[in-house]
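Okay, got some structures for you below.
One chain, chain A, links the two complexes that follow: it is found with chain B in the first and with chain C in the second.
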Partner chain A sequence: MKDKAVNFSFIVPALVIFTLFWIYPFFYTFILAFQENDLISAPKFIGLSNFRLVFTSGDWWSSMYNGGFITLWALTFQNILALTLALAVDRVIRLRKFYKVVFFILPVLSEIIIGLLMKQFLVSEPVGRDVFNHLLNSVGLGFLAHDWLGTAHVRMITAIVHCWKGFGWAFIIFLAGLQSIPEQLYEAARIDGAGAWHCFTKITMPLLMPVVTLVVVLTILGTMQAFAMILALTGGAGGLTTVPVMVIYDHLRHNIAGLAAAEGLVLGVILVAVSFTMFFISKKIREKYGVLPG
Partner chain B sequence: MYYRAKKVITLIVIHAFLLSVALSCIFPFLWMMNVSFKSPQEFNADYGLKLARHLNLENYKEVIFKAGFLRYFLNSVFYTFITVVLIVFIASLAAYAFSRLKFPAKNVIFYMFLAAMMIPLPAGFVPVYILLKQLHLLNRTGYVLAMTNMGLSLSIYLLKTFFDQLSRDLEDAARIDGCNKIRIWWHVGIPLVAPALSVVVIFNALNVWNEFVLASLMFTNNNIMPLQVGLMEFSNRMVTQHTLIMAALTVAALPIILLYIKMQKQFVRGLTAGAVVG
Partner chain C sequence: MIKLSFSGKGMFFAAFLAAVLSGCAPSSKTKENKIVIWHWMVDRQSAFTELAKEYESQTGTKVEFKLFFPPDIYSQKVIAAARANTLPDIFGILGEKKMSASFIKSGHILNMTPYMEAKGGKWKNRFNPQALKVNVFSDNNPYGVPGGIYGVPIDTTVLNFVYNRELFKKAGLDPDNPPRTLDEFISDAGIVKDKLGVDGFVCGWGEGWLLNALATEWAINLMGEDKFLKTIKGGVSYTDKDWVKVFSFFSRLKDSGILASGIATMTNKEAEDAFSKNKAVFSFNGTWAVNVYAQLNPGLDYAFFPLPKVSDKFPVKIWGGAGSSFMVNSGSSQKDKAVAFLKWLTAEKQQIFLIDKTRNLPAIKGCSGHLPGVLKAATETFGSLTHPDVWPQNEDSQVIEVINRGLQQIIMGIKKPAEAAEDIQKTKERVSRK
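Let's turn to the complex of A and B:
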């Protein structure tokens, strides 16, 4: 008996912090979402009003649209670029280490640094100095110059900067996946007369499917919850690049805590549903290709 | 001959592609450092696209000593250090128990920690902020405790799976020699998981160092702000002081870049640790 108590004491510090900062807040969110809570006066229960507000709020759904837009860019542009780079680095011998080091610099740095740096680089007068356009001019590509963070392009540029910050992370995971595919499989296929394209579609892609699913799910979860980089880059651009977490953050800042919690729950449920669906789909795909799970 | 030429051309195309992407990653940081050495007049004249002739440190002096970035930097070092030390102790204790010791509800509690890693909580900062406010902990202590919790689940998971793979021979020997459990954890367990600890340290250190949301909600006082919040606040206040902002960004980015170049392997493993779980 005393033994069990001593053993249990090993997890007590972790359990205390976890209960206070995870379990309690988790359940408190469900209470908060049904309250009108301005963090000053006593909270009032108001039933489903917060949720009604979330579902009918144009600002919320336009932030979901912006988040979805950036997520689509990340899923396609970022991940295809990352996969292409991984395939390329997997083929070269010289400079391989250099590429790996350089591509991973951006994921290491903070979102605030990337956002502020790119803002300085891209923003036009009078706020900034239009540096990128001057750079384009000086290399003879002046006809490409645009007001990059102006209303016409800001959403797309935000998506591209997000992809630029994130591709190195997907690249490293894809590369690890590629390098775990046994070389003998390719040798055997080549002896049987398979070309590069055949090797890619019949060996690389099926065996990479688990890694692809993982990257897809983590890209969706990460991008739909993106916030700090976008805040630093555009500050929301008057609604053009507001993302869900930015709305939640703003509402908490303005002491509308109940609504913020309801918004968080709506987004959380959507994300859980999406990642479950993705894992289900990937299981089906893996069964179809006859690849063992794992 | 034909096949050889084709192969060389393919390689050149691949390298050209890789190098152009690599350039896009490096160029903005070279530009940032270049601008940080320029006066506003020089920057206005060449947009920082010409190499700085001399290392003018005026911007750095201004940013570090007058704009408070020395304090922000030290605050970040403080939060990161304390949080990482707490996580290493608390997580390795718990991981050791989950792997080696018997106690009631062990599996249930472990799955709870696992669930915490899996469930996305996009508004997790809302209840945590309110909780800290109610406890009058909107200060350094509260921030360190909340950040400790953020890294705890994954750290416990990583260390537990590492403990699971280790043989128990050394621990058995220590027990026979009369060591109690705490001493076995400290003298045998911790040295054995040292390789996994380096991943835990890097993962959590970067997590705290780069954290913005909770810190920006909690800290309105300049004296206790960490670097990320300080940067954001400074750039909002000094919108048009481009050369100063560049010096501030360099102060924040360069140490991390240098540290990363020195310890790439650990950084990569630390930052992809979260993906391993999935």
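Let's turn to the complex of A and C:
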């Protein structure tokens, strides 16, 4: 009995911290979502009103659309770029470590720094340095230069900056997945006369499927919860780049904590549902093509 | 390997818990002869510290100004402290009047009325009425707060247009004759842009609230304060032709080409930096900018001017009133000392000191002789100030958010004024139903 108590005492500090800063806030969010609560006055139970407000709010769904738009770019452009670079680095022996470091620098940098830096690049005088437009002019594409963050293009620009910042994560995960595929499989295939395309479609992609699923799920979770970089880059830009977490943050800033909590829960449920759906689809694909579960 | 006995580990854990929980100890319950003040005014910290030293030498009461920055973080800290009952002796509230009302109803703010009105209202009469007004809750106010004065203003802020006199001269315009109407404003900005290649107008419109303030000023000038307030109460639709006209002023600004590139995502800090470096001829900013411009470019030749009118039918009202106010924690054991300190802080000598050090408009009357020339013009608008905190009812924050966003979309050319008006009205109706 004493031994058990001694052993338990080792995990008590972690348990206390975890309970105070994770478990309690998690359950408190549920309570808040059913209250009208400005965090100062006595809270009032209002049932499902906050959820009704979330589901009928055009602003909320518009932010979900913006988040979805950026996520779509991240799922396609960002992940294809990451996979392409991972395949290239996996094959290139020389300078492999150098490329790994270079591609991984961006995700390591602060989101705020990236946002402010890109703002300087994209916005012209008096606020920015207009680097991107100068670059276009210098290569004879001056006709493409314009106010990148001041027009409806701002949503696409934000998506591209997000992908540029985030592809390093996917790159590292893809590279790790590629390096776990046994080389003998490729050697055997080549002996049987398989070309590069066949090796890629019949060996690389099926065996990489668990990693692809992981990257897809992490991309969805990460992008739908993007916040700091977008805040620093555009601040919302007339709602065109207002993403769900920005809406939640804004409601918290105005002390509408109940509504913010309900929005957080709705977003959480949607993301969990999407993640499980992705894992389910991935499992079905692997079963269909006879690949063992990863 | 060091072996700890079970009781040793227990003591270690108890010490750990004590260390964690000690951070939750109420800070205002100290019996020490010391007042603690929380604020967010980074530009005033050194001036406050000097005043605190002076006060200690005069009275023996130690005053500690604790700065928390940026303002968002400060706001969250104050709210968390209110919940934990650890508010300092004196603090400020950043936010709408609704939030001040919540603090008052929860018993966190001392009613200053008896102190202000003592000795025939000697302290109260010291203040600019507009500066004090934002801290006043009238009887039967919609917030359900007992009528009274709940805060002490320490300065006054006015949101006005500013113009660069040097650029005016270079462009051949009269530097003593700023534009008086929106047409003149657009024309002058266009002339400077054409002749000097300098942007016509910069402003921190990425932050939204400056857009909202300007829209409010133009709305009151166009439709009168009564109709404006009626809109907030729900009696007038945002799709009303006057409101669409207000929103169309922003599309006129966009179409005229005088707006700086990226203005819809520009922060106020960026706009201040651009204006102070002669990169734009006009801006719209608060009087706090005098200190900012002085720090960024001491030689900047500029002046404030009132809102370029859009109508002669109704008088111009300028967004302004108390810039920053301090509240006394009603649960503080030092509340009498806190009140005494605020009385001292708002005396003429200390207010003049703050003018010299921070270039802000004072909260009290009778200091105009000490104001920098550029601020004197701003005092002329004192008689026509307005602010959400003095209106009988405030617009819902979600509606304000949609107004700001709609205006940003108009200046980005994404929405037409009538479309933005419809979005705003829809949100207004949805929020009203709630």
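The rule is short, and it goes like this: the second predicted complex is superposed on the first by the 291 of 294 C-alpha atoms of A that agree within 3 Å, B and C clash if a C-alpha of one lies under 4 Å from a C-alpha of the other, contacts with A are read in each partner's own complex, and residues count from 1 in each chain.
Keep in mind that, in the parts below, a contact is a pair of C-beta atoms (placed from the backbone, for glycine too) under 8 Å apart; a residue touches a chain by one contact, two chains touch by 3 or more.
These figures come from a predicted structure and were not determined experimentally.
Contacts of A:Ile191 after superposition: neither chain B nor chain C is touched. Chain A is touched at more residues by one of its partners, and among chain B and chain C that partner is B. Of the two partner chains, chain B is the only one touched by A:Leu116; chain C is not.
Once the two complexes are laid over each other on the shared chain, residue contacts for A:Pro13 go to chain B and to chain C alike. Of the two partner chains, both chain B and chain C are touched by A:Gly128. Using the contact criterion defined above for the overlaid structures, shared-chain residue A:Ile248 touches chain B, although it does not reach chain C.
Of the two partner chains placed by superposition, chain B and chain C are both touched by A:Leu39. In the superposed model, A:Thr151 lies in contact with chain C only, and not with chain B.
Residue overlap on chain A between its contacts with chain B in one complex and with chain C in the other: 6, 13, 39, 119, 126-128, 253.
On the side of chain B, the complex with chain A involves touching residues 11, 14-15, 17-18, 21-22, 24-26, 28-29, 31-32, 43-44, 47-49, 89-91, 93-94, 96-98, 101-104, 109, 112-113, 116, 119-131, 133, 145-146, 148-149, 152-153, 156, 181, 185, 206, 209-210, 212-213, 217, 228, 231-232, 235, 239-240, 242, 245-246, 249, 252-253, 256-257, 260-261, 264, 267-268, 271-272, 274-275, 278. Residue ranges on chain A touching chain B, taken from their complex, read 4, 6-8, 10-11, 13-15, 17-18, 20-26, 28-29, 32, 37, 39, 81, 84-85, 88-89, 91-92, 94-95, 98-113, 116-121, 126-131, 134-135, 138, 164, 168-169, 172-173, 176, 214-215, 217-218, 221, 224-225, 227-228, 231-232, 244-245, 248-249, 252-253, 257, 260-261, 263-265, 267-268, 271-272, 275. On the chain C side of its complex with chain A, the touching residues are 6, 9-10, 13, 16-17, 72, 75, 79, 82-83, 95-96, 98-99, 102-103, 105-106, 108, 199, 202, 206-208, 260-267, 270-271, 273-274, 277, 279-280, 397-398, 401-402, 405-409, 411-415, 423, 426-427, 430, 434.
Every residue of chain A that touches chain C in the complex is listed here, in rising order: 2, 5-6, 9, 12-13, 16, 38-42, 49, 53, 56-59, 119, 123-128, 147, 149-152, 154, 233-240, 242, 250, 253-256.
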